[in-house]
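Each of the next two complexes has subunit A plus one more chain, namely subunit B in the first and subunit C in the second.
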Partner chain A sequence: MLSNSIVALGQQGLAYMAGAGRAGLLLLGALKPAGRGTKLLPLIIKQLYVVGVQSLVIIVVSGLFIGMVLSLQGYTILVGYGAEQSLGQMVALSLLRELGPVVSALLFAGRAGSALTAEIGLMKATEQLSSLEMMAIDPLHQIIAPRFWAGIISLPLLAAIFSAVGILGGHLVGVDWLGVDTGAFWAIMQSSVEWSEDIVNGAIKSLVFAVVITWIALHKGYDAQPTSEGISKATTATVVQSSLAILGLDFVMTALMFG
Partner chain B sequence: MSQSNNIIEISNMSFSRNDRVIYDDISLQVPRGKITAIMGPSGIGKTTLLRLMGGQLKPETGAVVFDNQDITKLSRKELYIARRKMGMLFQSGALFTEMTVFDNIAFPIREHTELPESIIRKIVLMKLEAVGLRGAAQLFPTELSGGMARRAALARSIALDPELIMFDEPFAGQDPISMGVIVRLIRDLNDALDITSVVVSHDVEEVLSIADYVYIIANKKVIAQGTPAQLRQEKSQQVVQFMEGNPDGPVPFHFPAQDYQEELLNNVK
Partner chain C sequence: MISRKIEVMVGGFLLLGIAAILMLMLKVADHQMGGSETSYRLYAKFDNVGGLKVRSAIKVGGVVVGRVTDISLDNEDFSPVVTMDISSEFNQFPETSSVAILTSGLLGEQFIGLTPGFIDEEENTILAAGDHIEDTRSAMVLEDLIGQFLYGNNDE
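Presenting the complex of A and B:
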């Protein structure tokens, strides 16, 4: 019994390592320059629309509500210390350092990552990837590379939009509704938010998340069993694994940046 | 370099997948300009054989020579160059669903050539005319019937004027009319464009009506080969069962299982 479970553990470990190896080869193959830059650009632009622009609604709406809730909760605590004028600082720092990159990454994994996995899995199931290979067109260049670049460009921009909308939401609740002084709200925010400490670090976080999510999503789709069950499993795995990776990496990066 | 008379020569090739041997020391040749058919029961890896010919899979031993080059020994780049001389018609058609029929056929031309759009348009219309779908150029693949989708895919696989076209189960799941259309198209295109065709199928009558030479594969080996007329004279039990579609014979009706009576009486799983 015990030896069986050790064997199973070893097999799982090997399968996991083999999967990681295939994921690495996938990325290498996709990023290797193939002298087709002019052909890549229109493909990237199309994917920017699918991956980025079409994620805007969920990002803007969530950003607005997160900012509003943050402001409401922050106000009730800060007002007890007579410090409600620092509300702008609190909202801005929470969003720029943590909530903006992390929540937008989680939403991106659910909205765009799952779609990428399902799309590529279905292309595999319907032999579209094989037919590209037989047409002497490398699917890594044609399908994987443009989606990878589009993901990396989109998510940091979406995170910035998320934080900006969130701050406006915070202003809506804190200033327009609860009556915090608008001058103090903006002035204290401006004096406390640092360019490199807060904004650049937040951007680095969302760039790292973008690489991780897009990579996982593309690998899971490309590696999926070409059946309906396999694609459903791969899509779930994309959302679960990228969410866990986001949260884990966020802690590590926070510890390095602010610890 | 001397041009061999065979465009594909597979010699002593073995291939297995997940410990299951698919091909054991198999050899076959595809002569230029002819229609060569590969028949056999489903599930014996006929599609796998096409993928081996196209270099999408690598055999464990043996050589797959395409146009005097051993496909198994080419680098990725050389392989992609060799594939420009091949076309493959997939069972599902594998048209790109987000493009119109016209763009699907223009796609390989746009990718591999620098031709101006006006010439591409003419080439695409010629290919569509050849398969009788010029009127469907602006439709999307989801708007086509199964037979039309396969013809559109055929037009795409001849877009770059390949030397070899591989057909994966071209007759499967087609109504009698589309079947007749595809049978005629394979023969006509082969002769008109002076290309070589490899047809993988288990539709005995259709294959025998167009093929110049036929291989029958079963049990990881070639069990019979010859012209359609020669195969009709074949006496071997295995071949007769396959050609006549008898339910029982050397290929048993029952999947291997334990003793029937024993399994019914035994309650323990």
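Presenting the complex of A and C:
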């Protein structure tokens, strides 16, 4: 009885380690420069459309509403201290440091990561990947690499758009609705936001999230059981694991950057 | 092959992303483009720096001329030494200038106020890099003020 559970634990551990190893090999294989004949750029552009452009609507709409809610909540708290002029600072710093990178990464994991996993899983189930191999085309170069690069390019841009739209949304509610002075809104924001401290650190965060999300999504899809149940499990695992990884890594990076 | 529509959309997406970064950079952070500003370094010894922080502003008549880059303790007489980087644009402060730690508003953040002194015609007494400003006034500590107030009242 006891030995059985030890065996089960060992099997799980081995399976986990093997999965991590396959994920590493997948990334290595995708990053290895492709041989002659593989044109990466057109493939990346196609994937930028799927991963980036099609995520734009959800990012812009969520950014707008999160900025507006932040502004509304911040105003009701700050006005109690007579400090409602600092609204711009509060909205901009919370968006640039935390909410922009994290929320856009969570949305990206749900919108683009799950789609990547499902697409690659289905390619595997319908043996498209094997047919590529049969035609002497490396699926890592043809399928995985362009999706990986597209994810890495898209997410930091999406996070920047998210923060920018959120600040405009905060301005909309704070200045145009609640009557905070527009000059004070921008001036206090500008004096408190630092280029290297806040914006670059936020960009580093979203770059790390981009690597993690696309890596998990591609690995889960490439490693999926080639059945409909397997694809559904892999898609769920992508969203759950990348969301947890985002939140965990965010704490670690925040502690390192602002701690 | 990729259709033209997709290429245009991707180009638009990249442009939008770059525009967002530029907006954050110029409008939100008010980041100055090009040319790292040159500065020179001055030191000042205070009795008490209060709530002064690294990166606090140094102002002359309300205009920011530099930033505090370091606050350390002199190991011999145990008084805090503030290192200040002043923009090279403003390099004509006489040696008789004084610095004081001021507070913006009653509970606002603290900054260094630099008051330029008179210029001695006979000697060349412009503050240069590495100089110490001798005439300093320490931070106002609210607790000390309250203590003095109470003590003063008891005295009468």
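Following the convention adopted for this analysis, the second predicted complex is superposed on the first by the 253 of 259 C-alpha atoms of A that agree within 3 Å, B and C clash if a C-alpha of one lies under 4 Å from a C-alpha of the other, contacts with A are read in each partner's own complex, and residues count from 1 in each chain.
Going forward, a residue touches a chain if its C-beta (ideal position, glycine included) is under 8 Å from a C-beta of that chain, and two chains touch if they have at least 3 such contacts.
Predicted model, so just to flag it, every value in this text is computed and none were measured.
In the superposition on chain A, contact of A:126 is made with subunit B only, not with subunit C. In the superposition on chain A, A:66 makes contact with neither subunit B nor subunit C. In the superposition on chain A, A:245 makes contact with neither subunit B nor subunit C. For subunit A, the partner with contacts to more residues, out of subunit B and subunit C, is C. By the touch criterion defined above, A:180 reaches neither subunit B nor subunit C.
By the touch criterion stated above, A:231 is placed in contact with neither subunit B nor subunit C. Shared interface residues of subunit A, touching subunit B in one complex and subunit C in the other, do not exist. On the subunit A side of its complex with subunit C, the touching residues are 42, 45-46, 48-49, 52-53, 56, 92, 96, 153-154, 156-158, 160-161, 163-165, 167, 186, 189-191, 193-195, 198-199.
Residues of subunit B that touch subunit A in their complex: 51, 54, 56, 80-81, 83-84, 86-88, 90-92, 94-97, 107-108, 111-112, 153, 156, 160.
Interface of subunit A with subunit B (complex): residues 39, 126-128, 130-131, 133-138.
Of all residues in subunit C, only 1-2, 6-7, 9-10, 12-14, 16-21, 23-25, 27-31 touch subunit A in the complex they form.
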